[in-house]
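Chain lettering (A, B, C and D) follows the sequence in which the chains are written, and residue indices restart at 1 in each chain.
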Amino acid sequence: MSLPAEFHEVAERVNNWGRWGPDDEIGTLNLITDEVVREAATCVRSGLRVPLALPLRQDGVQTGVIPGRVNPLHVMVQINQEVFGPGTVACSDDAVTMGLQAGTHWDALSHVSHSGRLYNGRPAGTVTPHGGAAFGGIDKPRHIVSRGVLLDVARALGRERLDGGHAVTPEDLDAAEEFAGTRVRAGDIVLVRTGQIRSYLAGDRHAYGYPSPGLSVRTPEWFHARDVAAVANDTLTFEIFPPEIEDLWLAVHALDLVEMGMPQGQNWNLEELSTACGEVGRHSFLLSAMPEPFTGGTGTPVAPVAIL
Amino acid sequence: MSLPAEFHEVAERVNNWGRWGPDDEIGTLNLITDEVVREAATCVRSGLRVPLALPLRQDGVQTGVIPGRVNPLHVMVQINQEVFGPGTVACSDDAVTMGLQAGTHWDALSHVSHSGRLYNGRPAGTVTPHGGAAFGGIDKPRHIVSRGVLLDVARALGRERLDGGHAVTPEDLDAAEEFAGTRVRAGDIVLVRTGQIRSYLAGDRHAYGYPSPGLSVRTPEWFHARDVAAVANDTLTFEIFPPEIEDLWLAVHALDLVEMGMPQGQNWNLEELSTACGEVGRHSFLLSAMPEPFTGGTGTPVAPVAIL
Amino acid sequence: MSLPAEFHEVAERVNNWGRWGPDDEIGTLNLITDEVVREAATCVRSGLRVPLALPLRQDGVQTGVIPGRVNPLHVMVQINQEVFGPGTVACSDDAVTMGLQAGTHWDALSHVSHSGRLYNGRPAGTVTPHGGAAFGGIDKPRHIVSRGVLLDVARALGRERLDGGHAVTPEDLDAAEEFAGTRVRAGDIVLVRTGQIRSYLAGDRHAYGYPSPGLSVRTPEWFHARDVAAVANDTLTFEIFPPEIEDLWLAVHALDLVEMGMPQGQNWNLEELSTACGEVGRHSFLLSAMPEPFTGGTGTPVAPVAIL
Amino acid sequence: MSLPAEFHEVAERVNNWGRWGPDDEIGTLNLITDEVVREAATCVRSGLRVPLALPLRQDGVQTGVIPGRVNPLHVMVQINQEVFGPGTVACSDDAVTMGLQAGTHWDALSHVSHSGRLYNGRPAGTVTPHGGAAFGGIDKPRHIVSRGVLLDVARALGRERLDGGHAVTPEDLDAAEEFAGTRVRAGDIVLVRTGQIRSYLAGDRHAYGYPSPGLSVRTPEWFHARDVAAVANDTLTFEIFPPEIEDLWLAVHALDLVEMGMPQGQNWNLEELSTACGEVGRHSFLLSAMPEPFTGGTGTPVAPVAIL
C-alpha cells in the first residue's frame, strides 16, 4: 500500500523543501518576521487576554485509543513539607507524567513522516528512541508569536458545531475569512473553529474524538497560497476523521507537516475566543503560543493566549 | 522553632490578604489590568522575540537534592509508526515525566505555606495528595501577560555574575532600575538578573544551585511598594541561599507567595535578554509567560517570551 | 456518616492489634514461621511452576475509574544504542510509569484506614505525600513465601465463573476447602478463585470491574479463625462489589487490613493454576509472592509463582 | 570499529543459537526442568528466607550517568481518601516512574545486541519504540525459579570486597565453588558475590558504579560448560568496568545475552545471604526470582528470595 497519485499531486504544489535552505528545521515559521510581529502588536486594542488551553488533568481528552498518548497524571511529591525543620516555611511540589500530544498542543514538524521522509527531505530515521527528534524537533522554533486570526467556520455557517462528517473546505475558509472581516496574510497563525470541542466540554470524550469534523485535504493549498505560518483548531484529529478519501489517513498531517513544513495545533479551546471576537467585532489579535522547549520533542503542550 | 519577630514585622507590612476579596486566588496578578496590557503592547517596537526558558531535558538544573523534583525524562512512545497500515503516513509521539518546578517555572501561590496558612489566610491543608491545590493552584491565573522590565543587577553593578553570597537588596534594585532607564510600575513583571545561571550554562549544575546569589529578605517591601505583579530571576532558589539571616530559610518565598500573594519565577534564562536589551537600549517589553494550566498544580513549567 | 455497629462487632472479633507487639508492621505475615516454610517446601512434588501475574501493559485491567491508578506506560529509553561508539555492543533500556495497585498486586497494611487508624492503632496520618507510608508500608514484610492453598470456589460450586452478585461466604470457603482436599492452617496464603478474571482475559475490562463477585464481609472471621497469613483472589475489588450491605463500602478491606493486619492480593490470574491443581489432584503448593520493596509503598506489583 | 577476533572466537564456543529451536526466546532458562526444581526444593532445610533486592526509592543506585535509567520516583496519588463519602473507609494509593534496569533487576535477552543481532540470530530491529521487545522480552520466561548457588568470591579470597580493578576469573569461580562446598550443575542460577555493593550500602553511589570489579570476559565459557541457567551479581555493571581489554566494552553482556542466551542479574544485594550461608554452612538454596511480566520489556525489577 502506498499513498495515491492525487496525494502526490497536491504534495508537489505545496512543497516547501529547500525554500529556507537545506538545513532549515522550522518551515513556515520563517514567515514570522520582526515586521509581522510589530504589526501583530498593533492588534492589541482592548488589552483583553483569552487563554486557549484546556485544563491539564487526568480527565483530559485522551480515551486510551492512541497508545502512549496518556492524559496528565499530576501527583504531589511534597505537601507543606517543612524542609528545614519543624516550624519553618513549608513547600508543596508536584510532578507530572503525560503525553506531549495529550492535551492542547503543537505538533513539531518531526511528528509525522511519509515514504521515509520528514520535512525538507530529511530521513525519518533521524527520530530515535534515545534522543527523540534530532531534526525538526519542537526545540527548534525558538518562539511562536505572531498575528492570530480566528476563522470561525462554525459561526460563519450559522452553526454551534459542525457535524462529525464535515470536512472544512477552502470555500468554508473563504466564508469564515469574510465573516472575520480581515484577510489572512503571510506569517499569520490561523485558528480554525469547528465547535467540535463542545462535546468534550460537555463531558463526552468519545463523541469529541470520533467522528470529527476537521480540515479537508484541500486546505493545505489554501494555507500555502496565503503563506500561513501555522494552523490550529479545536479537534482531536485536526483533519476530518475518518478521512474524506477512503483509506487516505492523515493526509493533511503529511501535507502540512512534511510537505509544507507548517506546524499544526490541536485541542485548542476556541469557545471563549469566539465569543470575545464576536463581542469586540474583530477576529485578529496578537497570539503568543510558545512551545515548551523539550529537546528532541515531536510535540509539546502549549498554553496559547490571544491578546485582543 | 518558629519564624522570628523580624519576619512577622515585614510580613505585616507587605500583607495583601483580603485586598482583592476573601476568595481571591491570584494575588498581585490582579494588578495586571487591560490598561496595563494595552500599554505593554506599545513596548513592542522592533518585533524581536527573546525566549527565556531553559531546554527541557534530562540534563536539566536539578541535581537530586530536592526530593521528587525530577528533571524531565522525555521518552518516545511511537516512532514513525504507520498507524493505519504499511505504507501509510507515519507518526512519532512522546511522553514526559518531570517535576513541575524542575526547570524554568512559575511557583503558584499554593507552593508555599507558613504557620499553617497559604495566601489570603487559607488553610495549608487545602493542598491534598489527590487533587493538589484546591486553593491558589496554578490553574487559577488564567493568563500571565504584562509589561516586563529587566532589572539587570549584575550589569548595573558592572559584573558578569553576582557572587554566591550576594543578597540582592532594594538598593541594588534601585541601581538596576536606573540602569534600565524606566520606572517599575503597578502590574509590571520584574525580571531580576544575577547572572548565576551562567554556571549551569557552563555545565556546572552544582555550582549553579549552591551557594547562590538571590533576592534579599528586604526586597518584598520594594516589590510591594511598586505593586509589582510578579518577579522572576535566573537562580534555582530565587532568594539568596543560604539565607542572610541564620536559619531563616525561604523567608522571601513566604513573604512573596503567602503574604503578598505574588507569584515567583525561577530558572529563567535572562542571558540573551540582557544582551538584547543592552543592544536596543530599552529594558521594558511585552512579556508573555503563560502557565500550563495543571489543575491543582502548585507550579508549572513556563516558556516565557519577551517581545521587544 | 460512620461505620455501622455490625461492622464494629466483627472488627472486635478479628482484631489483632497488639498481638505481635505495639510496633509490629506486618500483621498476620508473622504467622509464616520457618517451620511453615519448611513444610511448604515439601509440597513441591512435580516441580511444575505456575505464574499468577497478569501481563504488565497499557491495556491492563484499569479503566480510569480509580483516579491515579494508571495502567503501566512502558516506554523504551534506548534501543540498540551503541553506547561506546559505532560498532560496539548495543543496549536497549526501558522505563515505566504505573500505579502500584494497577495490576496483579499486594495491598500493604497501610493501603486502607478507617476512623483515622491504620493497623495496630497507628494514626492514618503516618501516610504522607513525601515519604508515603512511614508505618505498614510494603517495604516492611521482607518476604512473602509460604504454603499456598487454592480455594477454587467457582469449581467447587460447579461454575466457570461466579455471578457478579455472588458474595463468597464462609460456607463457600468450606465447600472449596473440601474440594481442595486439604485443611487451611496457620500461616497459609489462601488464593480464592471466583473465575471473574475470565471477563478481562476475554477482553472486557468493564465487565471485569463491575459488578464483581468477591469476598463477603463474613469471611474475615473465617480467615481469622484459621490464622491465615494472607489472601488473594482474581478480582479487581477483592470484596463483593457493590457491597452486600448498602453503603458499607470496602468493609472487607477495613477488616482484613486494618483490624486483622492481613495483606490482600488482587487481580491474580488463577485460571492456569485451577487447571493445574485439577490435573495433579492437589490444591496446595509452595507459593512465592515477593513484594517489590518500594520504600513507603502502600502496595506493590507482584509476580507470584505457585510451585507444585 | 568492530568487535575483535578474540571476541568472536569465544562467541563461537559459547553460542547456543538453535539449541532449543529457531523460535526459542528464553535461552538457558530452558535448562530449568521440573526435575531441577524438585531437587532445588530439597535445599530448603531451615525455612529461612533471605531477600536479595535493594529498596526501591529515589535514592537508588543510579547516578544519572546512564540516560533514561531513572531511580524510582514513588508518589502518592491518594492518601486516606474517603472514596465513598465522609466517614467511610479510606484508601491510599501510589504510583511510580522508574527505569526497569534501575535497581535490582534481570536483563532480558533482548537487552543487548551486537552486529545487528539478538540471541538466536534474530534481528536487533525487533526491539521497537512502540511495543518494545517483540522477541526475547522479559515477558517470555514465564518463571525463574531454580536452585541457587552462592559463589562468594570475596569471601573465598578472604576479602570483604574485591578491588575496583578485579576481574572475576574462572579460577576465582573455581575457588568460590570449592568454598561453597557444592558443584554448580545444569539449570542452577549462580549468584556471584564481589562485595562491591557495600559501597552503595555505605552511601557512596559513585564509588559503587565505577570502577567496579565484575565478571571477566573469560567467565562465559565457565558458565557455558556448567550449563548454568542464569547469573546475577552485586554490581552495577555485572562485568568488570572499565573492561579488561581496552575498548572491549560490554563483551560479557554480549556473550551471555546474545551468544548464550543467558539472563543476567545486577544490583543484587548478596550481603545478608553471604552471612546466612556462612552461618548454616551451605551455599545452595531454592531461589525464586520472578520477573515482573512487562510486555516487551528488555528488563525488569525483581525481588529475589533465597529459601534455605
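Note that contacts are C-beta pairs under 8 Å (C-beta built on N, C-alpha and C of every residue); 3 or more make two chains touch, one makes a residue touch a chain.
Remember, it's a predicted structure, so these values are computed and weren't measured experimentally.
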Given the pairs A-B, A-C or A-D, which one repeats the contacts seen at C-D for over half of the pairs?
A-B
If you tally the C-beta contacts for B-D and for B-C, which one comes out higher?
B-D
Per the C-alpha centroid definition, the whole-Å distance linking chain A and chain B comes out as 27
Express in whole angstrom the distance between the two chain centres, defined as the mean CA positions of chain B and chain C.
45
The positions of chain B in contact with two or more other chains are 67-68, 70, 73, 75-79, 95, 97, 128-130
Can you list the chain B residues touching chain A in their complex?
1-3, 33-38, 41-42, 44-51, 53-57, 66-70, 72, 74-80, 83-101, 110-114, 124-125, 127-129, 132-133, 139, 142-143, 145, 247, 249-251, 253-254, 286, 288, 290-299, 301, 303-305, 307
In the complex, chain C touches chain B at residues 67-68, 73, 75-77, 95, 97, 129-130
